[in-house]
């Protein structure tokens, strides 16, 4: 202890708490049927500082389980960010929860801060409390989170008759001085008492990690294919409790709720869990991480490898909440890490993993107003929309990036931009009818309003493609993001900067082929070879090109200079494996294969967690990836 | 002229009932039938072998409207069979829950189902077009009743807080304070609603048929939660209910009928009023005076008015209970310990439509061996039939539509709960397996 | 145009329709967005011309099957309302017994069986007789879920049930887990959507919204040992609403 330290007699401390209750929304630890919760204090007498752990962490005050983010009007498509101005004081936060909050701050306040989280965080005073009672399942001392040096405004140590108070911030100092009476400077004995209390704590923990916490990521790299995942997950009820009570889990879902008048509503953010089967489900119904054991494993990898790689901290503070809440008692990180380290040799496969540089999203929570300028039906299920942003004159993006299209009352969906960068505030989207939002889009008319967030994600870096031959491989709707780049490189100004261009494009039937008229024009450009195929051609339908899956088209072209060719591949998940094999057979290096992946990119900001493939966020480090960067990620092409 | 009235699936009642009347061209009444075509549900079979703890949850599902009543009757039967003692707080909370349900059911009946008759409309939404304030007030009272059910029983329909031996959860002081204010506000609304309804009383026919009334009764209190059987004809009916309440099958109906001394008797708000009116609170007396409702009243149409009077009484009694909780506080009491044993238990309560009896025989493991459930509406079916017969004979010369309308109103006045009544009653069931 | 909706009930307690009447002031808003053309419990209005049919109750007689099929023919969308309709619910508990014997023992007269009112077969869920487009489970249904359903349909969104168990909602409400008190709660395996109303009131989940997924036996055995739970208790709770063993989530 080396900050400013004071002492209050117990009665004066209780008076201090009562004064806070009279002036702020004051939250404290209270008893609830034999367990503890953070809840509104009505008097200091309710406050408990002898709690082992609360059911939910204080996270619920910053990222509430159910949060109204935006208030909107359906007809006008107008939205307004909902704030929370309450000045709060939270009393009794244990050190491990303070560490967790610091971690949460990195996720929600760095880069482009989450406005709502930030507002709550800044309006809240954290009064910590030393741990008096150790939770049976906690292993905080193994992670060093049983004590904390900063991250609080005040830190209390309840020593019975007296409460020792350490100042952690200027506003903490102010609140103590303003609302407490009979404040005395802590004596040497007081400080010694606190230090002794803290020193004795580690011995009181029943659960301990057998390995150093810094070793956890390395351990996990070795045990990706360990039998333990299957063994333990068999018992998993998939109830999501372990993640819901976790102070470091921060994934969320977003949905729109409208009132019975159908005129207004709110965009809601709720806690989500990667243990739940639908977590990765995309509009077309596809589910990634389909197996229970994969989802079970994913949680431990997030805690011990993925988040540490990204933020440089172990995303577990050892509070023991997950194991308390887990009914079959299989959620315990300490037990899992200890078992894995003991049984490391049983693993059949490693995870080779490194971070990929990402793009900071150019977006906030609230979408920007936009209008549909033009609608062009393309096929039975696809329409092209030209969108104009109303709040700005220009919209800069790179081919391959996407936007979140928002229709208040329906929701949001990630859609790739399919026009080339133009410099003005208009761009094109091709939308296939698959879910609620895209269905609604199909019923909309020119002139109708909607919202846009973006551009988001990492696109194709055109400067890296200069001077190369380009081989485009598109399957189905994969032509949409590729069209942005194709049109860019084929434009008169840009064409000389690139070598030979091949375009291989396959769809299910001739009816599903997009942009056939444009293909005719692209063909006319110098040194462009286009090959088309359909999986099947129904009888009676005209089709002058190949029949078969897209890979059959590789037989129709000769890649002249494979070493200097970059291939750009976009298609349905099943396509990649086969196309990439053709490309590698043709001698194209994996560093020269660029793919764009589809996942459930819900927030587009690298936070909600739905688009995660192993440790990478598709919305942030993708959707365009260099194949060499992801080829070893087991969750990429399942 | 020959008149044939067939009302299938009578509206604005709970469950399915048919009215069939034939009057020949000479004006002779050929047929008057109150018929129940509702699918029988066999709850006595359903509860067989079930654990005592779940009997209240299962039997609650007999009726969506009086599920709190069924739950409490079931709990009382189990507690009596297993000799479980409960605390005074538990009893007070249960009484509060019964008041809440009685208010809820009565305000639904008078406000949603009878009001359209009084105003000659198809439903309450149509009534609201011209009498918005009246309907809004009624809705407010109904809402209050639902809120009181929510905080005492966990929810209005199929309660979750009520348990054998006590309560799973308790209302908070804050909730009680809030609902207390609401009750106080609603008392005034009820008075205004009563004046509004009184203006339409000419719609009810001047009809009267003396019959027997049966309800629970108890010294010093207008009985809902507890009491002994009392008959308007014979006074206290001491001993086992089974010696008094005779159930019998009517071929045309999937619901059984009941009788005591006469061919039929009536249970429900009017029966309670006729037996227990001396225990009504002042406010309830005030409401009854608005309608000049006096004991004894033999007009079944006035059952709806007796319901309004009971709402007033429920409000007053609820306030008393809440006030005493607010001064004493609410304790989070643990549920009484239960030791299964063999035995029979009978639970009798007054629910919105009248006397409800759950009667269980338990085995040594605390499972139900045999059950008998006496449902209010079953007890009323015979009386409805008798009233219909008399009413038809008095109005047979009127136009067919008018007769039909009066008959529908008559049945509605009883607030029949047909799903309940076709739960099917058994006396001696042979079980398979 | 506003969708025209009709309510129908079969063997059940009508508690689910009551939840709609219990929407209080909101019912006036509801009728602004839908046309209620038939709702026997509270209105004389009746028309055979409707888009959406809400069907409450289990199906237990041939005469009811005929009526249900007729409803299906008239409706564009048929919604099973409540657990009796969605699962068969509490009514299926009687399927343990032979129905003819039940009638005989209850009404004491075999002749009754020839009366169509008494011609009872095993209780069935609605989808055992006709195709069901959407389900709103619960005993009774949750008013808010019904509201969300109507809003979704009216605003062109596909109504969806949650695909996770009650635990998710229970945890968000910060309820102490009932297992820790040694009480068996079906929350971990029951379809959510009720906002965990029972465990929030200290009363274990009894699975009224239907079993989401059958847990692995490995898990059940361990849990029962750890929490000292009786296997019969699972049977009792499970059978209350899930006698038919319908499982929502099929892999």
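Read from first to last, the chains carry the letters A, B and C; within each, the first residue is number 1.
Here is the rule we use: a contact is a pair of C-beta atoms (placed from the backbone, for glycine too) under 8 Å apart; a residue touches a chain by one contact, two chains touch by 3 or more.
Model, not experiment: these values are computed from the prediction.
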item: Chain contact topology (line, ring, star, complete or other); value: line
item: Selected interface, A-C versus B-C, where C-beta contact pairs are more numerous; value: B-C
item: Whole-Å gap between the CA centroids of chain A and chain B; value: 55
item: Interchain centroid distance [CA atoms averaged], chain B/chain C, Å; value: 25
item: Inter-centroid spacing, chain C versus chain A (mean Cα positions, whole Å); value: 36
item: For chain B, residues contacting two or more additional chains; value: none
item: Where chain C touches two or more other chains at once, by residue number; value: 202
item: Touching two or more other chains - residue numbers and ranges from chain A; value: 33
item: Chain C-facing residues of chain B, complex; value: 9, 11-16, 36-42, 44-46, 50-51, 54, 57-58, 61-65, 67, 108, 112-113, 116, 122-125, 128, 136, 139, 142-143, 146, 154-158, 160-161, 163, 168-169, 249, 251-254, 256, 419-420, 424-426, 428-433
item: Touch list for chain C against partner chain A, complex; value: 26, 29-30, 32-33, 147-148, 150-151, 154-158, 163-165, 167-168, 171-172, 174-177, 179-180, 187-189, 202, 213, 215-216, 218-219, 222-223, 226-227, 249
item: In the complex with chain B, residue positions of chain C that touch it; value: 9-19, 21-22, 24-25, 27-28, 31, 39-46, 57, 60-61, 64, 89-91, 93-94, 96-98, 101-109, 112, 115, 117-118, 120, 139-140, 197-198, 200-203, 206, 232-233, 236-237, 240
item: Chain A residues touching chain C - in the complex, by the definition given at the top; value: 32-35, 37, 55-56, 60, 65-66, 74, 234-241, 244-245, 257-262, 270-271, 273, 276-278, 325, 327-329, 409-410, 436, 439-440, 443
